[in-house]
Amino acid sequence: MASYTIIGFAIFLGALFVGGGILASMLLAFRTPHCSNKVQAYECAEDPVGDARIRFKVSYYLFALLFLIFDIESLFLFPCVKIFRTVATQATALSPTFLLGELSVFVFILFSGLLYVWKKGVLRWE
Amino acid sequence: MGMRHIGYATRTIPKFLEPLPGGAKTVDAIEFVVAWARANSLWPLIYGTACCAMEMMSTGSSRHDWARFGVEVARATPRQADLIVLAGTIVEKMGSRLVTLYEQMPGPKYVIAMGSCAISGGPFYYDSYSVIKGGDRLIPVDVYIPGCPPRPEALLYGIMQLQEKIRTEGRRNPWKIGTLNQTPFGDPLSEAKKVWADLEKSRTAPSPAISDADSGNIATDRPKPIKRPATEQFPEVARNPLSASRLDNETIFACILENFPETTLTRQSEHTVEQVRALGPEYLLDLTVPLHRYVEMVAFLKNSALLDMNFLLHVTAVDRLDRFEVLAHLLSADRGHNILVRCALDRQYPEIPSLSPLFAGAIWHEREVFDLFGIRFSNHPDLRRLFLEDNFPGHPLRKDFDDPSRVVRRPY
Amino acid sequence: MEPIIDTSRFPATNAIGDFIRAILPGPVAELANIVLAVLAILTVVGLTPVALIWMERKVAAHFQARLGPMRVGYHGLLQPLADGIKLIFKEVMKPEGADTFVFFLAPILSATASFMVLTVIPFDHHLQVTDPAGGVLYVIAVAGLGIMGVLLAGWSSNNKYSLLGAMRSGAQMISYEISLALLMLLIVLLSGTASLREIVFSQTGTVLDWWIFKFPFFGIIAFVLFLISSTAELNRAPFDMAEAESELTGGFTTEYSGITFAMFFLAEFVNMFMAASLTTTFFLGGFLAPQFGLASLDRMLDAIPGFLWFFLKSYSVIFIYMWFRWTFPRPRVDQLMNLEWKVLVPANFLLLLIAGLFVVMGWA
Amino acid sequence: MKTQAKNIQGRGYPVERGGFVPDGQVHWSLAGYLTHLVNGCLSLVKGMGLTFGYFSHPGRIITQQYPENRETLVMFPRFRGRLALVMDEAGGAPLCTACGMCEKACPNGSISVLTRRDSGNRKVLGRYLYRFSQCTLCNLCVESCVFGAIRMAQDFELAAYDSSDLQLVLYGKEE
Amino acid sequence: MTEQQAGLAGDIMENGVAMTVPPGFSIDRREGHTDEYFLNMGPQHPSTHGVLRLMLRMDGENVLEVVPHLGYIHRGLEKIGENQTYLQNIHLTDRLDYLSSHINNLALCLAIEKAMGIGVPERAEYIRVMVCELQRIQSHLLWWGVLGMDLGAITSFLYGFKERELITDIFEEMCGARLTMNFFRPGGSFADVPDTFIPRVRAVVERMKSAIDEYDTLLTNNVIMHLRTKGIGVLAAETALAHGCSGPVLRGSGVAFDVRRSDPYSIYDRFSFDIPVGTVGDCFDRYKVRMEEMRQSLRIIEEAAASFPGGPYRSKKYATYNLPAGSYYSQVETARGLLGVYIEADGGPKPYRIKYRSPSFANLSALNDLAAGHKLADLVPIIATLDVLIPDIDR
């Protein structure tokens, strides 16, 4: 736990470093007079048509969902691979073949999920 | 202007430091470093409109390599740029966008006007109805680099000059945003009048610059310079004969006359095949058709198996002061011959059927004619101005177009 | 469970730390040590981009038959400094309609996230801020934070280019995160530990004991896949869809100027260093000196401090990133996703199984 | 396709497409897929080899360091830098007779030749105004001059802070 | 600066708010499709190759419709041309398509020669052909570099310029300018080529042969390049002809139309060269056609350099060029396609009306047919392989 406390402390210092930099620069920097052009969103020097906060294609979000599934699944894999070597190299009740089979089942489930979404055309970027 | 736009800390720190012993020196040192950093880290905006942009790219290329000056981080967005190199002509439509770009750049920002067009309009100073006579009519320019276009070395020299200028910045000479001049054309008429009046004055007045006493060598007995001896004698050369592959004018005209007997040869007294033959092989077959047969004729030319003119070169118009003439220029991509089909229009209410059902490419050509001549095309799918802003007054390619607020006329 | 690797040869202490512990009472000494370590990392964070910016420009220039920065300092060594100072004194702009809080939070998040990973990187035997037992898990978790910065930047800018860039990079980075995670798990499986320090120690021995070679043939494939995935994760050319200049002008940074842009710039380079150090740690034996089985040569190489080896290896990996960037055109965003989901992820699954086989059979 | 079938004049030859990405929908075989994959990767490696060739050979750097090479930098004899008057070898007076041909030849009105009367009441050159800011360096003025009195000078370092500095008076400047 | 024209602009609902559809789009449906949006690309954009403004109707990453807006560099060259003599007009053609300025000069000179019956000496014809082909290579080199840069391979941009500078050197030595040459005159050129011309040209030809192989290694044979260009922006031959496309764009679609062959000007009929054509009409075909064209141009230059004749470089000089009243037309093949110069003369020293038929204008007009339905990223190679030059379009 101590190591994570250190990390928390590091994050705090890091954010301070970055945020402090931005704050310092804001005090130091120039300011040109305000005008409507200046604060307009840059769209190749033209007036933007419509709002920039548009409803967006669902394909991006599908990838986000996929990521969620696969990332979490691969995290479930984590304990498995973590002890894999220890178990495999030590004489335990589990036979190496069984271990490998277990890993294969895990990977296979993930892979079949991938195959399913592939087949479903989720991976096709429209 | 000036100090108000400098950051709070930048404003107050010198005030605190300066009274301290050695404080002024410290502030000087800081200022030196900041100015040095600014001078050596000029990130240009990727901005180029015409020829000068090519030389700007050359400057960035391996041979000249403006990266040596730290300039290679060219940014596509003005938010991260420090420098805008006005490379190329600025026209009225782009002018307002240029001002936007400039205003969207964070300060301190610098401008280099590269080439004649960006300095003064260059080759388009006179007679142009759309070119802005110099970038400094819109935004403050720091360095002017003459040339058309300037060599890459000239641009590098200009950048070095700008660096010199930046290095002098400090609290005594802070960077200031210049005034934006929103009158792109100024008052060209009175300006031109003034220039030429001045010129006229100095033309008539005895030059005060050089009296004969000052330049003694221009004595009255000095012989007049002789004309350069004509060392180069150029012979008269016969023209190469035309290559034979194309269909000759007589055949084409005979074929057309067969189907459109009312076709006439423009500017010719006779309208016969013999007349075409007499005009020789280099003659551009220039036909006039009545308005009601115009589209029909073009369609015939396109679909005729013999002529097979499947390529529309351009559609344009000529202002004849009493009438407009619309010209459709067709080419046979297979056989190489081309024909001009001409049609006279009433100048008051010029309207002609569009060729767009026959050639998709005609859409833009006709929009151009609509824009520059004000000729309307019936059943055109998208008749809008092509080049000029919608609120541009008049149609510039008409002979009677005159807009003293935009056009500077040549005095001779 | 007994440790696989005997780390007693390299205790997790260092001379400075021991000295502080000796003169200060317990908790204070620990705190002082932590502060010192974090400050050291901050120094690395501060100096790495400076070095990398110069390197990037010089390497690019030499790939392109030109010289690069020449006029400030020897061969333009001061160029990054000039850029940095200039950016600090540059105006900061915020477009109309932008969400002020998020707009300024994004660069802070982006820069901090890249810094967070560095806390667990073992730079040398004793140079590591902290070494959590689940270090790999921590790296996987924290690397995702950078995406947040990019997404927030794109969304808050109120600019369509930014939004497109953010959306692209969001989709791209999360996708490549999977193959990165799987590749890290591969090493965890092979080495049997999730602590970065121990992963390095699992590669003790000759050069052939580094995971790139120790896992015969497939190690090289895994290494290449890791390079590709991390390039995509870094949003670097040729996978720089998020800021694809020719399409989106500035991508998610379109509206950022001055110091806020500098922070993204900084994050990009720190990230690059971070990715390179992860590659080094996982595949190239981290801070271990290369050993060739020749006693005299090995002793000479071993005498060079570990952190120098670490930086040498990391910078070599960074050079490869730069080499990619200055050679390849950029694929389209959907092609990039295809590469990930249809090539890399299945390949990673396969590699994982093969690695399992190797471990079980005792080949690796 | 009518035009394609005729293939105008039958003279075109189709370019090779080759490569790693098949045209249209192709059903991949595993062997084909692997060949494409390997070839594709090889193409990338070859590209990297090319760029590394440049990286590892500093001799191939072609950069000319402009301000440092100022002494050795010579423009080509015909280089059109800016307009200059040709002076009489003997006395340093201009060859110009103020005939105004260059003024007429200039497409941009960037030349103004002003005359004056000398003591013999002959028309001689008074002032020669040259609006460099407008000049396109097209060489038409030099060509039009039958006296050889103007030429294109080799200067190129001509940047100015003020555009009025570019209104040059080539002759007869008020001092 | 909003463009609104009554009758053309319609309204669609966007997130429940009515918004004005910019003019030029063919939207007629007002229901649904709420995730469509409009995006400006240009006039200030790195990949529009100048100040072209494209208005895009987008759905996510997909481009549904492209509406180009022109005129951001419309300088009124044709109006200015009416007020300048024919000789002065030559220098204006430089600024039309500045990457083919020699070829543009030639187009106008050909028209003047045709009108006044001026012949051209042998040596001048050879100079013309060689210089024009060098210019074509130079222009293609820039195109190649910029294409690479647009696709993200910035190194190719610098490699392209590396060889381009060699050709630029030849031009500069020959006429004193690097870009806007103003070199050709009716009947020849204003000066003879220097003695170093032929050796320099030979050196460039030698270098170019190996350079093109390098380009092939870097980009042509790169798998990412193939992924980005194959099957992208397919232009059918009929569409291309209907729009009046010419040059590599038309040839990429499989139509072997080249003015140098179909209407040989100067002495192009004496040289043997082939016309590369595409088979599919996509970006890759246009790319390959240009790469092949460079090789063909090298062939022409080599052949011309081998038989470079002596003699005068110009025929008789006229004090003024007053074209007899009538209409004249000449066409040349620039690096971008067919450039036509149409002159309506009234007998005076200045044209009554001068019209440039620029190749990029027609090539760009086909853009929507090429780009609609592709991704935003595909727009980049599409524009790049159309190789449009905005000042040439806007004139």
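A, B, C, D and E label the chains in the order they appear, each numbered from 1.
Operating definition for what follows: contacts are C-beta pairs under 8 Å (C-beta built on N, C-alpha and C of every residue); 3 or more make two chains touch, one makes a residue touch a chain.
Here the structure is a predicted model, which is why all the values come from computation and not from measurement.
With contact taken as defined at the outset, chain B and chain E are each touched by A, C, D.
Chain closest to the overall centre, judged by the mean of its C-alpha atoms against the mean of all protein C-alpha atoms: E.
Of the two chain pairs considered here, C-D and B-C, the higher C-beta contact count falls to B-C.
Between chain C and chain E the centroid-to-centroid distance comes to 45 Å (mean Cα coordinates, whole Å). Inter-chain centre distance (chain A to chain B, centres taken as mean C-alpha positions): 50 Å. The geometric centre of chain A is 15 Å away from that of chain C, both derived from CA atoms.
Within chain E, residues 1, 37, 39, 43-46, 61, 91-92, 94, 155, 158, 162, 165, 180, 218-219, 222, 224, 227, 241, 255, 257, 262 each touch two or more of the remaining chains. The set of chain B residues touching two or more other chains comprises 7, 10, 61-63, 65, 68, 76-77, 79, 97, 101, 104, 106-108, 123, 126, 148, 151, 310, 333-334, 410.
Those residues of chain D in touch with two or more other chains are numbered 3, 8-9, 44, 47, 50-51, 61-63, 65, 107, 136-138.
Taken pair by pair, the chains that touch are A-B, A-C, A-E, B-C, B-D, B-E, C-D, C-E, D-E.
The touching residues of chain E, when paired with chain D in their complex, are 84, 87-88, 91-92, 94, 155, 162, 165, 172-177, 180, 182, 190-191, 194, 214, 217-219, 221-224, 226-227, 230-231, 236-238, 241, 251, 254-257, 261-262, 274-280, 284-285, 288-289, 291-292.
Within the complex formed with chain E, the residues of chain A that make contact are 43-51, 54-57, 59-60, 125-126. Residues of chain C that touch chain E in their complex: 60, 63-66, 160, 164, 168, 237-238, 240-241, 244-247, 249, 326-335. Against chain A, in their complex, chain E makes its touches with residues 1-2, 14-15, 17, 19-20, 22, 34-35, 37-45, 53, 55, 59-62.
Put simply, chain B touches chain C in their complex at residues 7, 10, 33-34, 36-38, 40-41, 61-63, 65, 67-70, 72-73, 75-77, 79-80, 82, 104, 106-108.
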